[in-house]
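Structure below; questions to follow.
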Amino acid sequence: MTEVNSNYQLIRNQSIRICSFLSIEDHISQPVMYVSPPKWQLGHTTWFFEQFVLKDGMDNYKLFDPDFAFIFNSYYNFIGERVVRYRRGNVTRPSVEKVHEYREYVDKFMAEFLISPNAHAFKEVIALGLNHEQQHQELLVTDIKYILGANPLWPVYDVNSHYEEVYNTSDGLVSIDEGVYEIGYNGTGFCFDNEMGRHKVYLPKYTLQNRLVTNGEYLEFVKSGAYKQFEWWFDDAWTWINNEKINSPLHWHSIDNEWYHFTLAGLKKIDTEALLCHVSYYEACAFAEWKGMRLPTEAEWELASGMLDWGKRWEWTNSAYLPYPGYLKAEGAVGEYNGKFMVNQMVLKGSSTATPEGHGRSTYRNFFHTNMRWQYSGIRLALK
Amino acid sequence: MTEVNSNYQLIRNQSIRICSFLSIEDHISQPVMYVSPPKWQLGHTTWFFEQFVLKDGMDNYKLFDPDFAFIFNSYYNFIGERVVRYRRGNVTRPSVEKVHEYREYVDKFMAEFLISPNAHAFKEVIALGLNHEQQHQELLVTDIKYILGANPLWPVYDVNSHYEEVYNTSDGLVSIDEGVYEIGYNGTGFCFDNEMGRHKVYLPKYTLQNRLVTNGEYLEFVKSGAYKQFEWWFDDAWTWINNEKINSPLHWHSIDNEWYHFTLAGLKKIDTEALLCHVSYYEACAFAEWKGMRLPTEAEWELASGMLDWGKRWEWTNSAYLPYPGYLKAEGAVGEYNGKFMVNQMVLKGSSTATPEGHGRSTYRNFFHTNMRWQYSGIRLALK
Amino acid sequence: MTEVNSNYQLIRNQSIRICSFLSIEDHISQPVMYVSPPKWQLGHTTWFFEQFVLKDGMDNYKLFDPDFAFIFNSYYNFIGERVVRYRRGNVTRPSVEKVHEYREYVDKFMAEFLISPNAHAFKEVIALGLNHEQQHQELLVTDIKYILGANPLWPVYDVNSHYEEVYNTSDGLVSIDEGVYEIGYNGTGFCFDNEMGRHKVYLPKYTLQNRLVTNGEYLEFVKSGAYKQFEWWFDDAWTWINNEKINSPLHWHSIDNEWYHFTLAGLKKIDTEALLCHVSYYEACAFAEWKGMRLPTEAEWELASGMLDWGKRWEWTNSAYLPYPGYLKAEGAVGEYNGKFMVNQMVLKGSSTATPEGHGRSTYRNFFHTNMRWQYSGIRLALK
Amino acid sequence: MTEVNSNYQLIRNQSIRICSFLSIEDHISQPVMYVSPPKWQLGHTTWFFEQFVLKDGMDNYKLFDPDFAFIFNSYYNFIGERVVRYRRGNVTRPSVEKVHEYREYVDKFMAEFLISPNAHAFKEVIALGLNHEQQHQELLVTDIKYILGANPLWPVYDVNSHYEEVYNTSDGLVSIDEGVYEIGYNGTGFCFDNEMGRHKVYLPKYTLQNRLVTNGEYLEFVKSGAYKQFEWWFDDAWTWINNEKINSPLHWHSIDNEWYHFTLAGLKKIDTEALLCHVSYYEACAFAEWKGMRLPTEAEWELASGMLDWGKRWEWTNSAYLPYPGYLKAEGAVGEYNGKFMVNQMVLKGSSTATPEGHGRSTYRNFFHTNMRWQYSGIRLALK
């Protein structure tokens, strides 16, 4: 498993690299419930390997600190009590430095373990751990953006940040004929359990735009007064924009009648050519309605994915996040990974600038509640 | 349109009949936001005909009272300002008697109108108005049950109520072969816009139980401690049962270690043979998980509907309430009827004991949020 | 006890008279937690006599209905479980008619009891019951005003209502010299336990206005923009007016740039000469600050009371509602009457147009939380 | 002003010393709204001198960073917009290090300023600034205790912390005869505006215990089941203990049927001889009621203060925090210091182990809302 070994170090190092732009103080903040402090994520992804690999697989492995299971368990009720989610920001100790020691400790033992005979039996859970870490790398980026964006001084994360402006490189339409097709994962590499099993779907003829919606297009929607006009919005969405006083995508700010947005490279004027991001499903649907178009379904997207310019924004689909036919939850704690979230959420397809290299797939099923928008989530339109 | 005319009176009278078991005081209560006071519903269904038929269609029609448009508009933002939903219970005046006068006034003019030459042009909106009234008749029954069930004295609505205990009359399994099928409405009678357009779906081979879950089966689930075991529940559901202290279906009460339920005929011991009702989607899914089974999808249910014993409980499906391919909202206020609710809800199929005679159809798409359970909602299981 | 007997009937009848202007529907509404449905109050005041007099004092007395103790107990934890306060509006049954029967039943037995030899031993609790009923008569008026005022149609309670406009009949200042004085009740008639014991206080020389603030004076405060200027407000008050979007006294409405207020005789233009009412302690203090004046203390008010024009508005004082030196709670349930509210509230002195004849006293201690304003509460100013 | 100068450095250094036991991460946390992050307090106390002294008094003074006025203004609405209180924990930047630089920058200029001719004119506001800093030193200690106490690992702040266990050194009773006395500040040194003006009060004869309540005495109250018995509690208190699930003082934990409390030196068994602390006014009153005693009033305490063993816990009094007769708010922003909090709070007298040396006075008026208990607040009893 030498390849996994080198992969392991590469992936683990990337989490450290993302946080290397942070001050110690930035690691602790939890401005809203769904944003986790970066320190917690550094610990939590490490705990995954300790809990699910080393503790079971390595003889005489000694836990770095028995308290860490309590502190860094995210939601695996199977494992026992845990710090409730909205309290993660209160846990100022262990220190960031201690969490780095924890990572080094676990990584050292994992390096040993990966070349040991036991490793093979843990191949799948190790792959899951690495993909889990990559998911948190994306969350680290978006959580950090939320944390710094909540600071009234709008501090810069990295002046050279490449997470922000991206552009369409294609245009035109992509059409697929009516037919019975297959979707879902059928490769031999890693996939999450929610991508299985591969199954047939019937699709009518459909047509997708081969480009994503730009800031400029969305700005027209904003300027048209659409956030004050009930007719574009779901009933739940109308309640949401009124209760939360929503009037533009997340991180957008109107200053002296000019629209700016907070980016990881600081506050910038809206670039009208760049791809829109940080919109909720509600906003994606309202915009589509306003345009006289619609969102693609998950199956439509997946089947056309080979012909599409992915654009590097997560794309809201009009498909609910539900189990595929024949979906089976894994046994035990790992079974809590995906299944228990298959309600009240919508699927996003594609990937974003914050998605780690090699982590995406056309069968990937990302999912969020309909009002969430701190990811790099954008819009592709389909013809009605 | 003589047939419509007699239909009109029959349907309108049924709302009065349902409320005839109520005291004046019962007409006013709104114990939770989603339950509307019966008085409000009597006025609102009447307002529909005044607003969408008489006001536009009848020459020289004089509104019964101009204020009523404000009081009895439910959610049609198109029509103008309205009493916000959670405040309906505060509106003690107009009196119940006045609302009855309003009904008589509108019905008298509708009787005239239905035999006038103008009627034909309004045929569709009249049919919608009558189906709307029937939907409210079902809500009247379940809202009344909620209102009386919230009273610590558990008063009787009607000692002969036929809304409660119903039983399975079939058993065994129904299987359908793999294939591309069509679902959605294609008849010539009335249907709601959300049932169109008829479209193809691919279905794998599947098998449904030809019976609904009974109280006795669900009681085992309750007694097994399932409401205290996270592993059966979605993450959102686990939050819900803990925050709301849910430990059984709505209207169930444990008294001296015996399970009772509130019915419209008063408090009764649970009948273990009768069909379960008043469960949420969360509970339906948790129960299915516990049984090692699953809920049917909407398409599976609809295709098999001819072979199924419907059981007279609304049946939760595992399908999100989303628009059918090619769905088009109607223009204007009537377009607010269904489309704006197509998010965050799941479809229920079938009908219930509270569904008016002739109102159900196999293509009917009922829908509620995942934690709602004051309807007569039950469970049919499918094999995994 | 013939005098008590006739008093009893007079006082009891007055509750009925107040409610005689209501529809059945009006009796049920509870638009906010602190407003009790009139039906509940009719039952609750009756339950007081049944619970504390007849049940203990009359041989062979049979409860009208054992459930009523549960339904109509307000807050006497000593007596057992009760309907939580915010749920009173849900209890549509027993009917208003049944509650009237309950009143007649209890009154009949009370009439017998009052001329029986046992009556003397219950003299004090009967007096408490009658004063309790009078307190609820004032609450009935203000609760009814809140209920009808929450109706967007602003219905009329009584076109001849005398509860509304009242005017100053005096002017000028009243000064009292420095000295040690006595306050608190020392008469031989009825008083509440919180008015005892009479005790000495030192007062510096002080000067009160012999008039209350008028609507016109307060309107200037409103028009000056004071509700948008933090400098007049306590920190808690500033939070309150911002969270609740308060911009004027309760029941005031700005319509087409003209100020109106809802009265029991319907919506009317503000009468600038009439005495201000429906302001909170927060508003009273902010107004005094704006005027460069202050509120009187309870002791200042009470000592000067003989020289003051009371004005028929409850007057906020700058005294916290705390026990007088030597205050002793009564034993048992009756001890819950006043003592447990002696925190977080401020004292009001005087009386209002809604106070029953003969119920007021200069030693009377009315009290409400600092943000409450549905009583007829106004302002008298003192010189700084 | 050499004396002030040395005082200035001594006091300023003490804030740094208190925070020297913290990790960087500890400086950022705000686990509840009323606890401010230590970093914020280090900045805020510094901002006071920059804003109210250097900016106005020193020629050519250049602000350290113009953004800091926004970040570190606590509540002075006069000064302009500010970070709302519950968001202070989100502000991860400026860094702790930067705030230390800010302190050094301001202190350097203050050192210059204090020996300049202008200093005299700012004497009072400088004294206010230093007393303000001392108040924050006490808050720093109690906020840090809250922050670390909210960490499930209960980390140690300082193993030698002297803030915790203190003991009675006297016993017996102190009685004062009836009379007219004077309270309020009349010295020549610093006092807060709320301690003025000195004024007469009449007091009846009264008797106070010359000792504070111990943990052991309060433990009996806890063990008696008092937190489950409504009769000891105010109505508001009963709601509070039920909603918040309060069953003991703050920082107390029942572990395996043994009572522990979190201290700044870590988790320890309750020392039954030590003085009780971390109780709310609600708990102090309930305990007094249970004992058949009462709390002293502010005036009673102040007059007897020379004869009392202060005990080093803040002592809840039964006096509301209201302005003294003739109280005048200062002009401008400094006028927001005390006056706007004179509502809904109760006075505490004495001082605590966390009160800086020399900061206390018998006329000092500390104040908190009735449910607050994160200060070292305890109980002295008076005879009824």
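Labels for the chains are A, B, C and D, by order of writing; each one numbers its residues from 1.
Here is the rule we use: a contact is a pair of C-beta atoms (placed from the backbone, for glycine too) under 8 Å apart; a residue touches a chain by one contact, two chains touch by 3 or more.
For clarity, every value in this text was computed on a predicted model and none was experimentally measured.
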| item | value |
| --- | --- |
| Intersection of the contact lists for subunit B and subunit C | none |
| Chain whose mean Cα position lies farthest from subunit B | D |
| Chain copies touching (subunit C, subunit D) - same or different residues, decided at half shared | same |
| Mean-CA-position distance for subunit D and subunit B (Å) | 57 |
| Chain centre separation (subunit A, subunit B; CA means) in Å | 37 |
| Chains touching one another, given as label pairs in label order | A-B, A-D, B-C, C-D |
| Footprint of subunit B on subunit A - complex, ascending | 75, 77-78, 180, 199-202, 204, 230-231, 233-238, 281-282, 285, 318-320, 322-323, 325-326, 328, 340-344, 370, 384 |
| Complex contact set, residues of subunit C against subunit B | 23-29, 31, 39, 67, 70-71, 83, 87, 89-96, 147-148, 150-153, 155 |
